[in-house]
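So that we are looking at the same thing, I have put the structure below in structure tokens.
Going by the order they are written in, the chains are A, B, C, D and E; count residues from 1 in each one.
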Amino acid sequence: MKKMQAANLNDFFRAAAAAETVYLPVDSADGARFMKYEDGVTLSMACNTTRSAKDFFFPQVENLVDFKVDGKKIEVIDGREEVEDFVIFGVRACDLASFEILDRVYLNTPPVDSYYKNRREHGTVITLACGRPQETCFCKVFGIDAADPAGDVTCWMLGDDIYFRANTEKGEKLIAACGSLLTDVDEAPVENAKTAIRAMVDKLPIKDLKLDKISERHLLENFNSSVWKDLYESCIGCGTCTFVCPTCQCFDVREFKTNEGVKRFRCWDSCMYSDFTKMAAGNNRLSQLERFRQRFMHKLVYFPANNDGVYSCVGCGRCLKSCPISMNIVKVAKALGGEANE
Amino acid sequence: MQRIGVFVCWCGSNIAATVDVNAVTETLAKEPGVVYATNYQYMCSESGQNLIKDAIRDQKLTGVVICSCSPRMHEATFRKAAASAGLNPYLVEIANIREQCSWIHKNKEEATEKAIILGRTAIAKVQLNAPLIAGESPVVKRALVIGGGIAGIQTALDIAEAGFEVDIVEKKPTVGGKMTQIDKTFPTLDCSACILTPKMVEVAQNDNIKIYSYSEVEAVKGFVGNFTVSIRKKARYVKEDICTGCGLCTEKCPQKNVPNEFNLGLDTRRAIYIPFAQAVPKVATIDPNYCTKLNTGKCGVCEKICTAGAIDYTQKDEIVEQQYGAIVVATGYNPIKLDNFEEYAYSQSPDVVTSLEFERLMNAAGPTGGVLLRPSDKTHPHTIVFVQCVGSRDVSGCGKPYCSKICCMYTAKHAMLCREKYPDTEVYVFYIDVRTPGKNFDEFYRRAVEEYNVHYIKGMVGKVAPSGGKLKVQASDLLNNEQLHIDADMVVLAAAIEPDKSARPLATMLTASMDTNDFFTEAHPKLRPVESPTAGIYLSGCCQGPKDIPETVSQASACAAKVIGLLAKDKLTCNPCVAHSDELMCNGCSSCANVCPYGAITYVEKEFRQPDRTMLVRRVASVNPAVCQGCGACTVACPSGAMDLFGFSNKQIMAEVDAICK
Amino acid sequence: MQVNDNKDFQPTIVAFCCNWCSYAGADLSGTNRLQYPANVKIIRIPCSCRLNPIFILRAFQRGADGVILCGCHPGDCHYTTGNYYARRRMSLLFSMLDYLGIEKERTRVEWVSAAEGAKFAATMNEFVDAVTKLGRNHRLEDLRCKKQ
Amino acid sequence: MQEAMKARAKELLADGSVNRVAGWKIGEFSYDITPAIFETAEEIDRDFVYDDFCGANLSKYLISQSRKEGKILVFLKPCDSYSFAQLLKEHRIIRENVYIIGIECYGKADINKIREKGIDGVLGIKESGSSFVIDSIYGEATVPKMDVYAERCLVCKSKKHAVYDELIGEEGDVVPSSRFDKVAELEAMTPDERFEFWRGELSRCIRCNACRNVCPACSCENCVFDNPNSGIANKAAADSFEENMFHIIRAFHVAGRCTDCGECSRVCPQNIPLHLLNRKFIKDINEFYGEYQAGENPDEKAPLTNFTFDDCEPSIVYKRGGNQ
Amino acid sequence: MSEVNETLIPQLGIVTDIRTDTPDVKTFRVNALDGGKVFEHIPGQCAFLSMPGVGEALFSITSSPTNKEFMEFSIKRCGCVTDWLHSMEVGQMITIRGPYGNGFPVDTDFRHKDLLFIAGGIGLAPLRSVINYVRGNRDKYGKVDIVYGSRSKDDLVDYDEIINEWVNEKDFNVHLTIDREQEGWDGHVGFVPNYVKELGFDTDKTCIICGPPIMIKFTLAGLIELGFKKDQVYTTMELRMKCGVGKCGRCNIGDKYVCKDGPVFRCDQLDEMPSEY
């Protein structure tokens, strides 16, 4: 365990940024957002960023491959390039957990997605234990410990001090590079802080959301539940929840004709969109009810079925804050029988 | 896969001197989809055209691009050539490398490069061209003329003369219109009735003409060549086919105090009446507002005395539905109401009259039997003041902003006639400008001033105050810069004229556009002055703008010529480059219909299968290709992109943009 | 405002011309051999009211540096009213582009009749000059469409 | 207010005048209110809510709801009623199937403004006179309502309904509004400043389509940006051009039809002031062609489907305000 | 980096033959640029074909893995990609990626079973791969019955191969039917589900169905009436997918990804899935 004065944080960023690009949450007009570290940029104290950290590994738009067409000939140009090393500072426990969920899709389920893998391998994640959880936070429901996230390095901000703990080789390296700023310390204050954070988390309003009933029920029983009809009607079919969600990973593959050739790229897509499953051969989910159901069924039922019971939700609360009509996974889960034990 | 042929024309040296046609041909040959490219001295020549035709056949071309002169020059030529070789003519695109390239650039390299880009643009467009087939619609060989004034009469006669059936719908009991009320006509001073009534008779007797008098247009459906019109024949309580027009009933009717509209209320008529002696049809009409029998059930005098048995108190309005190929609007004009002009005391003194009332007072068949008498005391007026531009050229909002055009001339006529008949009268005319553009018009006006000593005063009348049997007229003489006070016996106001009130609802029915003054808009102010922008709707007379009689008659004949031109066709070939709506995308919001100048867009309620498998009735736009002229205004008004234009589709234009910017 | 330091800069100009007046006007300037720069490429549309703002943006995306719309003089539209609608649409669109900080000199509307060949050429000369001074369009560009 | 609405809704349900009620449903934390369709008195008793956080405009739901079996009761705030009237004008709603109760509104609160004040962890909000008493994880706070009202409410243009069948509460008037001040402020900047401003704002766009999907004017069956045949279909902004393109075209498509209900800015998860684009068009329309309020007059022609012979020329843009 | 194999980056193929089967179905032969096959596959698997700039679409591989020279795709015209494919000429390059999907259990569950193939219209395309695989490994399978129906004689895909080769194969029974009477057709007339019932097969067969959803529904009902169990019946699902690798989320139905866990499903498995297919 290492320690540094919070006042020196800027020096720490500068030191890290000397070797690789550093991203950190910064306050802006849309709340906190991850930005590249440059002189003068200061760390946001917000509970979390408005957008999730998934962009770092799964950007909204990513070029897949280029083509050149000349008469009957086609040339395939593999546009993949080695990503440069980068550091993300200030990732919260929930977002870190979301990386694990994305890993399950893009790395652990074959075939490996080389675009994702490329970015993942070059990213160093410095997590930051939560200090001020919000009413919309419910990571505890998914067994996530906001007080002690993993990642390559874990940080705690305690008053004027920041504590660092390297968890991986990558993390060790990074800490070593900034060694002159850090001093070795005892873990005790951090342990106390963790206890305090956990106590705080225990007081959050949605902490007791129980998903057992949903898990115990047969997939089709959940699917055919009458609650969907009652809930979906207010949904306007936008993609806000999916785009702010750290675990949503659906994408569309599209082409763009440039003046030179054709770029094939993928971009985020949302299962809430009416054209999500619209293809030449037909459409699987024709109504908003079906699409609305798909999103929540996927997160709460389908994904766990394929992933050892792990839900595709980390309780970050972003969708609770962003949904234009305040419909969200908590309301859905409660309606499906996930009532908190009072 | 597209098989496009590119044909580069040298146009002798017109193109070849500044554009390297070989380089253009070679470069364009490599464009995607191009399977054949060649160049030739004169593509438009017969051998050039044959080159194209042969290539279409031999190479099985699916699209043709011709790099040549402006499409305005030879597009039709090349389309025809393609069609004769079996290729849809709308699969031909022209790259304009003469007027817009070789002729404006001197540098050969630059011009060649531009020609290549223009060629590439045309190729990009032709890739997306769809074969278009010009639609055809049948033409019903009958015309409808709405309004039976001189404009309508002349149009109807001319059309009937050409051998087509014409129906006239006239809302009054008789045809003839305003001209029947006029005494003499300028500048010849011949008798209005003498020249009009023979035409009215002619209309009545022409086998091709059917008159719906005392009738109004109720509804119009359909489009050019095929309108369906509902005509309401108002109940006149007299059987039109039985009434002989003897007029006995109009003398015996006990209800005597009905204001006579023919004489503008200057005298009275009976409840059953024939508007005037030469009315066509000469049939009596019962005025339901005044008839005692109809209102109280008592009386029945006319029925008793009618030997023909023509009276029928139970008659009801009747709706007749009829098909027409063309519709002529000849709804005419009215003098404006003078309520807004208190300064002229029109409503205070009966001796302040409008010019049209003055016509009646001068007319031998009028209320005074042609003797000019003051309405108030039936005495002979000695001093008469004419005020011009009452409500015309008035931007204050009280009147009309436009010039009513006829007032200068009829005022000169009135003044002249007064002086001629009653040389002892003093006649003053107050004018802003005297406008006399017309054959013999200025001479006429000068005669009024010079021979008849009418006092023309440039200036405005400020006030007319009735006082002890006189009308005190306060006016300014602008030329002499003095205030004038005239004690007049009569004041005659040249009231502005405005389109008949029935025109506005009619325009809505016809989807014909109007200007802010409710005059019908012509399709083109210079080149298509007698057609409405809505195909199949024609404009005759004052409904399009103020006109005098000769002008009205010439427009009426011009209009007839246009109608005859339409009716002579068995089928109409439509321009296939028209708008079309994708019903699945359409929201039914009406934005497109709101900008369509032709009323080509209608809405239908249609049942659609929704994405969620349910059926839903939605309102969607539907374009009538026979009416649409292909301007494309709707395509931009449409937010959902449901509207697109054949021949100039969104994708085609974007492909052109892409090719140019490449 | 950017100043163009590249003397060789050749702007790409897209001119949308209505079929009845301005396209004919452009032809007339050709017939009269009136010169204007080859940068101008004309797209024929039936009426100025056919011009969808999307086309203008598309042109900028694809690499145009200036877009001009030419139509019949107000009152002379072949379709009676088309250019009046175009006038409103373009006024609002141009104002919006200006509001977004995009150089307003890159877009223009000019009424050119079939008889105004000289006006057409003069307009194009002026417009090309103005756009050349502005330099390459960066504010509404799509980097994917730029020539490498 | 809420109780009067509930009572009236139940009454109309009971006498069969309507079979559904569109209203607002209580959420988890008193601020996260969801629009909902109620079918029974029990549901209304349990979940119906109307308070300072019922900002959502219900009018767009009527496009589909009015096409369903039976009649629906909808509660419309003054600004919502303009959207409704505009949709009606565009034939998007079947009027016979809707019963409108106009409700008074003196402004709606914006939870983001409360958060901006540093009040976080909000658990419950109570009204207390002209203030809110906010109970949060981190203590209690009191803020004047006006401080946390949504921007669109602070510059409210009308307290008067454009359309209704009956009213609950007082009918207000069209009120003077300073809603164009920010637009004017932007207009007064240099083009470079404006460009920077809008790049900063629009670059945050994540193309979630919330603005479009919530917008009552964006009621297209199929948006051009979703339609692969339109040639401009696009799902995510691959670069700055596409960010601009989407918002310019969206604003243009709603120009003259946008009632300035402000929903687009309310729902934007990225806090982009989208209403400033729409208001620019409204302001220009007012200045160029005379005052026009979409949704106000059912018979008035929309500015973009209308013209006068002496309209200003597009070159007015070169002459007008703003620094060079 | 670039040496890492990435399934989303397609390979190139060249169209070496185009055969018109029916008015709206063409069969395309695809080779690698240097001849031979672009990749090996299992019957029932699919591949994405695309023309950059036009689009990419998924098609089942019609040829059998036993064909060592080339792959074939029978493609019905129904969208912009297929329109383009139908308009192209021999010698055209296309991009191809795959193979995707699970394929039929030809080397496990099907082994030594009597097989009953039931297909309607273009539904024969995926089955043809299996049928020809069975022909290529004839000794490993029992008797084969094929019921194939189409709207008309002209709409029968691979008609030549059926009447010239399949009917002559040992222990092969081919039953053809068309929907409506037609001149020059003396075979059976009627819809496939009814024909299956009429034919009345032994219930120890393993069935493989492919065709329009409505045909599958009624045929399955008919088979159950005949005494078949759902776990004897295999079908391959309509192909609504985008990435092919179970990541993009489109073809997710219940806990299955059709592109990865399917497209071949046993009918008893389908019962466990939400009815979104």
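Convention: contacts are C-beta pairs under 8 Å (C-beta built on N, C-alpha and C of every residue); 3 or more make two chains touch, one makes a residue touch a chain.
Every value quoted in this text rests on a predicted model; they were computed, and no experiment measured them.
Between subunit D and subunit E, the least number of touch steps comes to 2. Innermost chain of the displayed assembly, by C-alpha centre distance to the whole-protein C-alpha centre, is D.
The most distant chain from subunit A, with centres taken as the mean of CA atoms, is B. Look at the CA centroids: the one farthest from the centroid of subunit E belongs to B. Contact tally for C-D versus B-D: the pair with more C-beta pairs in contact is C-D. Each chain gets one centre point, the mean of its Cα atoms, and the points for subunit A and subunit C are 46 Å apart.
Distance from the subunit B centre to the subunit C centre is 35 Å, each centre being the mean of its Cα atoms.
Computed from the mean C-alpha positions, the centre of subunit C lies at a distance of 54 Å from the centre of subunit E.
Subunit D has its Cα centroid 30 Å from the Cα centroid of subunit A.
For subunit C, the set of residues that touch two or more other chains comprises 53-54, 58, 62-63, 75, 81, 85, 89, 144-145.
Counting partners per residue, subunit B has 595, 637, 650, 654, 658, 661-662 as the residues that reach two or more other chains.
Residue numbers of subunit E whose C-beta contacts span two or more other chains: 89. Every pair of chains meeting the touch criterion is listed here: A-B, A-C, A-D, A-E, B-C, B-D, B-E, C-D. Every residue of subunit A that touches subunit E in the complex is listed here, in rising order: 64-65, 67, 69, 72-74, 76, 78, 80-82, 105-106, 109, 111, 113-115, 117-118, 219-220, 223, 249-253, 255, 257, 261-262, 264, 266, 269, 271, 276-277, 279-285, 290, 294, 297-298, 301-302, 305-306.
Interface residues of subunit E, counted against subunit A in their complex, comprise 1-2, 4-12, 51-53, 55-57, 78-82, 89, 91-95, 238-243, 245-255, 272, 274, 276-277. If you check the complex, the residues on subunit B that touch subunit E are 1-2. Within the complex, the subunit B residues that touch subunit C are 70-72, 96, 98-101, 103-107, 110-111, 113-114, 117-118, 121, 513, 521, 523-525, 533, 577, 595, 597, 629-633, 635-637, 645, 647-648, 650, 653-654, 656-658, 660-662.
Of all residues in subunit A, those touching subunit C in their complex are 256, 258-260, 263.
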